[in-house]
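Take a look at the structures listed below.
There are two complexes below, and they share subunit A, which is joined by subunit B in the first and by subunit C in the second.
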Partner chain A sequence: MKKNEICPVCGKETEGKVPCPHCLTDTTRKIRLLYLWVICVILAVLGVGAFLMHVKASGEEPISISQIDTWMDYSHNLIEGTVTSGPLYGRNYISFSVSDFSSTDPEISTIEVRVYSPAFEELLMERRIPRVGDRVKIFGQTRVLSERDKMMTVSLASDIKIQPLSPVVSTPSDVLRNVALLYKRVTIEGVVTSMRALGSANIYYISDGSSEIQLYVPLGLEVYVEKRPLGLEVLDRVRITGGVSSYKGTPQLMVGLFSDIEVLGKEEPKLVRLSEISENLIGSYIQTSGKITLSEAVGTTTSLKITRRILWLDDVNMPKAYIEEEIFQTLPPETKRLVRRGSSIEFVGKVEKREGKLVVTFVGPQIPNVLEGEFLPPIAENLQTLEVDILATVAGRIVEISTREKGLLPPDRILMVESPSGLVQKVLIPNFVYERLPDPPRAGENINTVGKISVVGGEKVLHVCSIEDIWRV
Partner chain B sequence: MKPVGPSEEVFCPNCKRYVGTLEKCPYCGSKVPKRLSFRLLKWGGLSVAVLGVLFLCADVRGLHIIAKQPYQIAISDLFKENATLMNMGQAVLTGKATFVKFYEDTNFLGMYLVDPENSEASIFIRAYDATTKALIRLESERLAKGSPIPAFPAVGDIVTVRGSLRVRAVGDKANQFQMLIVQYPEGFLKIERPTGRKVRIHDVVHFPENFTEYERLEVTGKVISIDDLGFAKNLTLYEVETQESMNIMIPKFLERFGGAYPAIGAKITVSGALQSYYGTPQLWVASWEDIKVIP
Partner chain C sequence: MESLAYLLWGMLGVLAGSCLSILPGLHPLNFAGLAVVIYIAYPFNPLAFSLFLIGMLVAYSVVGIITTTYMGSPDDSTFYMVFPNQKYLLYGRGEEACLLSGLGAIGAAILLVAISPAAPYLFQVFRRLTTPHFAWILIGVVVYLLMSEWPKDWGSRKKTRLGRLADGWSSLVAGIFVFFLSMILGFIVLNVPVMPPDRAFQNILPVFVGFFAMPWVLMNIFSNPKVPEQSKSTGIYAGWQEVAHGTMAGFLGGTFAAFQPVITAGVGGVLAGHATSTRGDTSFMVSGSAGRFAYYVGAFFLFWVPLLHLTRGGMAWVTSMVYQPRSSSDFWLLVATIAFTTLFAFILLVLLSRFVFSKMVTRISYRKISIVAMMIILAIVFIFAGATGLLLLVITTGLGLIPPMFRTRRLNLVLGFFFPIFLNMAGLGEQIACWLGGY
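== the complex of A and B ==
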């Protein structure tokens, strides 16, 4: 080294010293240019490889839904498949199920897709609602709790590509029979024969005369999207364009919007008097009327809920009207108030046989004609001399109140009522009636009670069936 | 080049070579004595750095001499055009809780807060497992002490939280995602549980226009059924005077704090936040204190 040599790193004079006293660089250590070339080539090859992998990974190749496992929780994926259920609507989202049938187990090859606001509103505005049967390609973030419980959240409306399926004309019978129509879109015509009101949806039954298919209408569609009730009534003739989904193995029609349902007209029900109802009419829908002589509430053994109301009409021998509580609760408040003893009612029902007796099942949705009136069964002098299942009135003073245990539920009450003649008769108030009384009767009070005669503990009692049937005098 | 500094400090006393600021000669390994000021500078600097970090920790946690509380902002502000500039910032937000969920699988807490002045603006609040577990512990302690100030939020509460904001784009759309992460239980600065307004079930069912969703109400009635929905138990409460009923939702999560469901047939007074379930009103109970059995 020369005395005035300069350090190639710090640029200061080294005075020939190695390493550089200023920056401690050892200038004798050098890398060969060949090695540098080799390193550069390796890096270039690795770079090209990484780029190719990136290009492949970022390509629009959908992943098989059955391959989405818990390791892919929170990952973003592209899926492609057929809408198999939905759409369901929440306050700020729309959800539906997509399956690509990549596994023999449908649960594994199905994923629930949710689109939240504002993408949800965008889809609605563009009327791009994925319906059962449509082919969809969706990009979103997956949440995977298990192989059978996975969900995809979509943030942008543009991340959903829908290829709508054209509907085929069919009938309810064909849809129920023909498995090839599952997850296809169909247009059917039929008559609304009844409805079931669930907490989150209404299920309408559409009949073509020989078979009935269920039409699933989510309440979210009414409340958050259309913002009005569907307004279908029993015996409406409708044309529905919907997708054929399946619930517990039974085909079910699902619609995206109210515009998928068109009311064509109304079938006129056959007018039949109660006395004319016979076994020949079983299964048919009739319009009938009668005076309510008793409104009998039916409870359960596990709660104080009312499950059904049985209307005794005209005479005890006439067919009774059965109203399921979920249907009863869909009636307007004033109609509900009027459906009581003494009122006259005209309604559409289905003739059926229950427990060996002909009955008319009140079908919804409908608003019956109800006219307020009064009816009081004859006063029973002695219940023991009367037949079971007839109506009677017991009047008198309560001399004692006892209970009949009902397990964990509140007990039934048995009132010992002394009539003016001095005879003491038993009145049974079931727990679900007693607990609903605003001011239950007490011993020593004079009351009137109406009910049906039944047997409890080998003894005939008056069975009170609703809260209107017991009052103080 | 001329060496800088006193020669006894920059040249090795043993081999006489130039060593600059090094305390140990790189050539012969001898110790090169330095002035006291050099050592002071080095160790003093280190001490100041350590103390400074400790001070910052203490200041952030409670002293607040330098690190002041983050700004209180309105939830609506997060929807303004330049809100993405707040991304990763610390902020204090106040809103009404419209959704509170404890995720059993992850032990996370998820909550939506709605701007009290603008019901269209809401933000998702997330607390991870450590924070959520601490909140559960605090709530248990509160219940044991009988303190009226809740430690764990519930639907209907007015909640003030401090945390780290996420305001970012989704896809090519700016300012589409708003979230606040609460990193420690003290981040729940205030949980205010309004007293329930005494009302009749009949009025809630028939005159919904007179009520605001998520306002806390107090109703009285008889329990006529209890249904297990998995995530909650649904009590059907029957108002005997009007023959109307209403669903009362008790989150399953409350079972972590003990408590007992009222018996079927029991008359109770219950407070909760009003929610419309597909148009049907229901009340969400915030804690067991909201249910009072009337003897």
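== the complex of A and C ==
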């Protein structure tokens, strides 16, 4: 720049100085506006490229489930696969498992999907419930605790696309044998032979005469969706359309709604008196009745849980009725209350042999006919003179209460009961009975107790079997 | 056709964002708040809404430079470029400052679009590398920035040794003092509900406006600088190397800030500036606007990267409530929208700068402009944060005035304010908040 030259920016004389002393412009370097627009064009070209990529890219690109790792925690992804388990229902959600079999390890290629309210209700209204075997495409947020523990939450019903699988007609035996039916939908027919009640579901056993398959019905379906009990009864003949899932390697049928289960009729059980039960009937379902002379609760050595109830019917020599506690708990409250000493009961059971004795196993689901009544075994003057497993009543005043240690559990209680004749007899109250007594007896009180005679420490005692069998006088 | 309509939504976002971003004191989070209110009242296509938001964000990053240059009202991402921008303004080169800053933003946009094909893989690697180390990286950043402050030359050498020692330490001590005061403020504002519950999401607005915008506006009111006639720019008087250097440094810092939680564009910019030896007004302006663009737009971009879905920044959080990117198709639509909206915003920046603000700033006294800016800031803070917000604004303005008075870094304000979050990440925040009576 020469002397007296004018600065192109501020228009003042620079006196040959660079940068300009007035505006500090270094006029030796300049990027012309044209180049700025060239840069803009470059950006525009890149933008067009990106736009073409957008047009070319597919709108839906599911990722493989095994690819979802802990780094994708909270990310949103689209997955595609087969429903392999479910649906389970909660108060405000439905959940099911989806697998795309992208890994040889099924846990890695499986994800649990949860659909929350209001999408949950929308799916229900539209009857779009993903069932085992259905192909699904789901967009949602993934929560990943580990590669084997991942979940996807869905908040929009429209984010779930279901391609239902048509069911094939099959039989329980075929479903159990044919691995090709795993994660397929089937329609089978069979008879309900029993039930197991779990904390979160009821498992019904459906038999075709040669094999039994499990039908898994989540309690949430009864409580939150259908809002009524399923109402299946033992020996009901049913037609079920469900998906074949697998639990610990055993095929299991899963249904989405009660409408997947159709009751076709009922198999009538044989009417058999208790005295007529013989080994010939082992394995068959019978309808029998009797008067309950003792309701014996059976506990465990490791907890205070009651595992089953044994009903002594009519006579001590008659086959006893076994009711698993989980089945007993499915009975209506009034029925449960009535199943006690003195009541008459009529029920359907399966004849079995346990510990060398014939027994009738009360099978669920059913509601037995129970009529309230009274029964009191004879008062035992001297337990030592009676035979083991005989029912008896001991009445008198408690003179002492001692304990029998049960490890870490509360101890059993042994009551020393003095009869009016002055004889002191022992009454054993097992810990799981004693701990359930709302107001346990105390020394000095007069009581009546009913139980069976058993031997403890070489001495015969009255073994109290339920909380109803001990009461104050 | 549908895709073109989405692009148009982005352009509309630029127009709306431009109107808002020239109001001093407004932050993208306020934009997001306004946009959500509109969306709730009049719901429309969520993807269109998301692209509308990116348009607003781009406008804030590009057109918002006008506020910094002509009104001297910076925010946390522009406070360290306000000085060179205003210097240019006072030499009649405001338009050129806008062009330079716009060029930085365009450069950052080009880099962002260019790395898009590699983004799904690149950021996954970064995420895996850095996530387990967030806490100590952030605390390390604070320690580095506090230790890297250099004594300021006050222009008058003291006669005694003690005097010279005091002189040397005055700005450094002031910097540490500011850091600790902001940290205590951070513990209070971030742990105790200062704002009423219905305005709780705006509790940071008065803090940042007080830290950065208000002190500068007050200083402009009191100093009342004479703004000369602004020359029409026929180009940028700078070298390509400076521009390229500034753009790269800004992009690096902005992307780092976008990726790391809590780090702001300003912090990222200073770190990148140090790392790449950025010096000179030109580089500062270019890197500042590139960093700001990479920070705001980059954070939103990360949310759309397939297989990454990193939710960073208020705008991404707001978007996540209504829309989740579903595929690479969405991602590329966003990238295209970023490119075209940046171009549109740049054109608006040039037009507004040349035909509106460069004329306005010479016709109206700078003091008046600053007073108007201050009134707008006060009104915005009152609207968004109420009377409590104004009280907080007064306190933070006091704090924000310390750095220019003692010529220490304003950055310490941000670092101190967010330090409780760093401590939370290290698992220490709650205990210290208890000691301070925060719980």
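What we mean here is this: the second predicted complex is superposed on the first by the 420 of 473 C-alpha atoms of A that agree within 3 Å, B and C clash if a C-alpha of one lies under 4 Å from a C-alpha of the other, contacts with A are read in each partner's own complex, and residues count from 1 in each chain.
Here is the rule we go by: contacts are C-beta pairs under 8 Å (C-beta built on N, C-alpha and C of every residue); 3 or more make two chains touch, one makes a residue touch a chain.
The shown structure was predicted, so the numbers you read here are calculated from the model rather than taken from an experiment.
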**OP:** Could you look at A:303 and tell me whether it touches subunit B, subunit C, both or neither (first, second, both, neither)?
**Re:** first
Original post:
Looking at subunit A, which partner touches more of its residues: subunit C or subunit B?
Top reply: C
**OP:** Look at A:285 in the shared chain and tell me whether it touches subunit B only, subunit C only, both, or neither; answer first, second, both or neither.
**Re:** neither
Original post:
Touching A:24, do we find subunit B (first), subunit C (second), both, or neither?
Top reply: both
Original post:
When the two structures are overlaid on chain A, which partner does A:216 contact: first (subunit B), second (subunit C), both, or neither?
Top reply: neither
**OP:** Using the touch definition from the top, say if A:205 reaches subunit B (first), subunit C (second), both or neither.
**Re:** neither
**OP:** Answer with first, second, both or neither: which of subunit B and subunit C does A:408 touch in the superposed model?
**Re:** first
Original post:
With the two structures laid over each other on chain A, which partner does A:322 touch: subunit B (first), subunit C (second), both, or neither?
Top reply: neither
Subject >> First, second, both or neither for A:71, with subunit B first and subunit C second >> reply: second
Subject >> Touching partner for A:145 - first (subunit B), second (subunit C), both, neither >> reply: first
Subject >> Common ground on subunit A, meaning residues reached by subunit C in one complex and by subunit B in the other >> reply: 22, 24
Original post:
Which subunit A residues qualify as touching subunit B in the complex?
Top reply: 12-13, 17, 19, 21-22, 24, 118, 145, 155-156, 158-159, 199-200, 219-220, 222-223, 302-305, 333, 408-410, 431-432, 435-438, 467
**OP:** Could you pull out which subunit C residues touch subunit A in their complex?
**Re:** 3, 7, 87, 91-93, 96, 99, 103, 106-107, 109-110, 113-114, 116, 124, 127-128, 131, 228, 231, 233-240, 243, 306-309, 311, 324-330, 332-333, 335-336, 338-340, 342-343, 346
**OP:** Write out the stretch or stretches of subunit B touching subunit A in their complex.
**Re:** 1, 17-20, 26, 105, 170-171, 173, 176-177, 206, 222, 224-226, 236, 238, 240-241, 243, 263-265, 276-280
**OP:** Under the touch definition given earlier, write down the residues of subunit A that touch subunit C in their complex.
**Re:** 8-11, 22-27, 29-33, 35-36, 39-40, 42-44, 46-48, 50-51, 53-55, 57-61, 63, 71-72, 74-78, 139, 141
